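Have a look at the structure that comes next, please.
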Amino acid sequence: MTITLKKQATGSAGNPSLSGEDAEVLAVLEEVPRGAAVSKPYRLASREGHPRSTVVNVAGIPVGSALFTVIAGPCCVEGEEEIVETARSVKQSGAHMLRGGAFKPRTSPYSFQGWGNEGLRRLARARESTGLPVVTELLSVGDVESVASCADLIQIGARNAQNTPLLCEVARSGKPVLLKRGMSCTIEEWLMSAEYLLSHGNPNVILCERGIRSFETMTRNTLDLSAVAVAKQETHLPVVVDPSHGTGKRNLVIPMARAAVAAGADGLLIEVHPDPDRALSDGAQSLTFEMFRKLMEEITPIVEAMGRGLTPARLIQCGV
Amino acid sequence: MTITLKKQATGSAGNPSLSGEDAEVLAVLEEVPRGAAVSKPYRLASREGHPRSTVVNVAGIPVGSALFTVIAGPCCVEGEEEIVETARSVKQSGAHMLRGGAFKPRTSPYSFQGWGNEGLRRLARARESTGLPVVTELLSVGDVESVASCADLIQIGARNAQNTPLLCEVARSGKPVLLKRGMSCTIEEWLMSAEYLLSHGNPNVILCERGIRSFETMTRNTLDLSAVAVAKQETHLPVVVDPSHGTGKRNLVIPMARAAVAAGADGLLIEVHPDPDRALSDGAQSLTFEMFRKLMEEITPIVEAMGRGLTPARLIQCGV
Amino acid sequence: MTITLKKQATGSAGNPSLSGEDAEVLAVLEEVPRGAAVSKPYRLASREGHPRSTVVNVAGIPVGSALFTVIAGPCCVEGEEEIVETARSVKQSGAHMLRGGAFKPRTSPYSFQGWGNEGLRRLARARESTGLPVVTELLSVGDVESVASCADLIQIGARNAQNTPLLCEVARSGKPVLLKRGMSCTIEEWLMSAEYLLSHGNPNVILCERGIRSFETMTRNTLDLSAVAVAKQETHLPVVVDPSHGTGKRNLVIPMARAAVAAGADGLLIEVHPDPDRALSDGAQSLTFEMFRKLMEEITPIVEAMGRGLTPARLIQCGV
Amino acid sequence: MTITLKKQATGSAGNPSLSGEDAEVLAVLEEVPRGAAVSKPYRLASREGHPRSTVVNVAGIPVGSALFTVIAGPCCVEGEEEIVETARSVKQSGAHMLRGGAFKPRTSPYSFQGWGNEGLRRLARARESTGLPVVTELLSVGDVESVASCADLIQIGARNAQNTPLLCEVARSGKPVLLKRGMSCTIEEWLMSAEYLLSHGNPNVILCERGIRSFETMTRNTLDLSAVAVAKQETHLPVVVDPSHGTGKRNLVIPMARAAVAAGADGLLIEVHPDPDRALSDGAQSLTFEMFRKLMEEITPIVEAMGRGLTPARLIQCGV
């Protein structure tokens, strides 16, 4: 899929007599690749014009294929020792990639905001030590270069799901992108954010459902697994699920991980911490090493019941 | 479990100097069964004081056991021929009970409100013809006798989830009750409604998650499968899931049925219609006979992966 | 407005070949009064076919006119002395009707459920003593006679906004009805509930916005004042606002009461208690007598800025 | 208020043995200004430690004083002629500032994204021609210099309400900031975003309520006026309301503008367009010049009923 849409003429002299969305859409249609379906607003993401499922290759791990992918690690990268230990443990239990935040979006300016570039270096060392590809979040346009030079898969978090300048910038980086659904994004808006990535030239987009905001208070968010089924039907993109943020509670992660597999997800994103009660962030939703092992054990028969298999460990080869 | 709480002294001379919820709670504690846990507001529903899972016997079908239960049928009972035909078809595909509304709660006074008692008679004939126990909704205190005389399991719908006089009345009927979560009920409020049933002497309560209201518009409701995991952990009651109302779209029912099984549900409630496009209500979310057959086929390996089995057909024996 | 729709043929032999909502609507259209507009689903409530605003006469108090109405009183009727004292105080501060619950819908079966018929008798005594018409909630079809014999205006609460049998029954009582919006009802669904009342022969319907459920936790509900503006534009019915339930916090009631007036509401429903911290329910949102006096003082200039006046005290004449 | 918090040590060698939020909070407390209240997480925004209301001076217009402020203009700056014409018209009707977007966040990559820097130049010309200070949105860290050099008040839009790098950057620009509430931000999260601005050295923060996401579909968002009352009580910051985005419908803007004034808002943000049906964005919610004149006429008596006055035109002096 090689698409080169002309960039929107922001700042040009332009034609101020253009009026209304219809005119805009007509104007853009000329730029759309021949043969693409146009009945959906997310025309590049849509399955209509692209019936075959896209498989995104993340450093040798195929996401969106018949092989199921599991990404695990701490919410936030802490010490080097901890991240290396965590990488080893989750790899041993069957994880295929390592997650960990170096730049953290926090509600409070007084909360720990992550170790930044030092966190990226620690992630790189954990990769060297285990071969696990690394997933980490990009928060700011200014960090795109350093994050892209470390990450195998760049995460755009829920708070930035509609941060269009960041979407455009990460698209240009060329790296695969894990796009989380915003906590109040409709499915259509989420797919339109994916469309930003696709239309700016990056076909390697993985969607991630992580719960939406509802009135329920027993869970941190309301994990919307219907969105997985919708996204798989409407688009050709891989879809993974984050039951850690989706529920916010450790003891709900395993059942919702199983449910995500059965809903048709292509992978999982799981928070794991050596000592959740001492985690610098999101401890309440992090699994212990032992619980993660149990999660892998419990999803395996469901993955098989879905006619799929877990990605074999031999495909893990990052920097090894 | 034989609990007889004294009824609240509504209308009695009472003590007007009582002040605040604390006083109320203290007052009621005296009436709580000895040994019951009290750290949860839903003290009878809570697993704390009742660690063993309750199995509700619905005319021979055990709901909440290791055996998985499937309830299927039209939203609304239409002609006698249609309901008998539907009952036969869903039984053949593996369903264990027949659902069908005789009294329908409709948003508009101008929409079809169900065939009422004639609908109940048609359900009874479908039961005679197939042996399937019958699930039907009770809308009004005035109909409790006629509904209880027909139904094997009485449904309290989402709109009536906090209709406390109806809850008290249906509890007194002695029939097993399927309690749907209200569309804006928190999990705790839903469990408190179950507590109304339990505290009014009816231990045969089955919880039903059917989607909550959110901002998402691509689905009719947002099916909250986390609520299944929470309800299974917090209470000893069986939990079933209605992915038909939960999604409102036929092509999402099968994936969400699979996900419900994997989340730990004890059963499913599925809308099936001989000709969904001509259904008097909820056609968009009803499966055809063929799709229902496919649903049973797709959930079977997930049920097994969960270490359970489908309830065997030989237990179906209603009126046969 | 004298409308007599034939009752829906629930339970009749009917025509099972009817298919879909279209057929239903066509069938009902024959029963709609000549000349009524039909472009809205709430055809009797709609302003289209009834451009003049309806004024509902509640025991001499005109609701929906240029005169603004204030209803005040405790959430729950407690002792006779308290309710009489409250009635006198709110009347002195300028209230036009007395509210108070005798039958209370409570989330927990262990919470105080109201004094029932004894509560109604206490309300009647407060009316005798002050001349204030009485507003009280009807929870159950079984209580319609006793509530209708006491109340001047019957309240249908948020939890029963879509309890259609109760709507039909209260419509038949002939008494004016205060219809609260359900906590997850869209504006259209709320208007359809009003349509149940109108189409079952009761033209005396007052709409009441009381907050909807959202993710916000600093307020008990999210008071949706846009719904007031929509309801005033879309329908000919009076609209009042309940900022007590709408916010759940005493210190937000006065600003939201002012805002409700400015949004175009025809009246207010305010919880007032002689000693809120000792109230049997909803103390946190109840005003003291002094705060209610201040509320009246603060809304007066806004009522005047809207080109209206407060209903004069001389119209209060109930049983006097 | 001159606060210089040390920046969070992102990327520093740091202390990886820190564990949990408590440790973080303790660490930061040392950096908090002496005497500030700490019982609220938004300690600098809180009224507790800063009882006097902050008045933000925007090019001579005092926002948050007894004088009420009205900001008006198109969603999106279009041609130079249109923006100058609009500025003149809204000034004549009584507006105190001109709004207009040069950089537009759009759900679809195929929608018009604004004229960018050329849009800023057109805004500057409208300011020269009328003296109205200019409010425009900053979308990207990369544009902070050009936006800050044009705008008198920089808007952070709802989609960026938790874009923390952008908040930090705009804080450093030194310009007053209009901070919109995110569409799924709780009030507390919104105040925490304000805290980012304050703790990064910018005391000139104006809060803007613009509607939250709910299940209601008749309005684009649900305008939460309770949030105005809460924010005025909890913080010392000015609060303005945007009923245009809050409702999404032209005919609801005037009633909700009145309600916002009565709820205690310090100002309004109103979309006005010379020909709304031909607007490049948000036409459905834009007022005509004539409707805006009527809005000013209708809010005037409410402003006075609140014991305030409209800011006098003689204070408008930008570049004149």
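Chains: A, B, C and D, in written order; residue numbering restarts at 1 for each.
Everything below uses one rule, namely that a contact is a pair of C-beta atoms (placed from the backbone, for glycine too) under 8 Å apart; a residue touches a chain by one contact, two chains touch by 3 or more.
From a predicted model like this one, the values you see are computed outputs, not experimental measurements.
Centroid distances from chain C, each centroid being the mean of CA atoms, peak for A. Averaging C-alpha coordinates per chain places the centre of chain B 48 Å away from that of chain D. Mean C-alpha positions place chain A and chain B at a centre distance of 36 Å.
Note: centroid distance chain B to chain C, computed from Cα atoms, is 31 Å.
Residue positions 184, 213-215, 217 of chain A are each in touch with at least two other chains. Viewed as a network of touching protein chains, the structure reduces to a complete graph with every chain in contact with every other. Put simply, chain C touches chain D in their complex at residues 184, 186-188, 212, 214-219, 222-230, 232-233, 246-247, 251-252, 255-256, 258-264, 301-302, 304-306. Listed in rising order, the residues of chain A touching chain D in the complex are 5, 8, 10-14, 16-21, 24-25, 28, 41, 78-80, 82, 103, 105-119, 139-142, 159-160, 162-165, 182-184, 189, 192, 195-196, 199-200, 213, 277-281, 283.
Partner chain C is touched in their complex by these residues of chain A: 213-215, 217.
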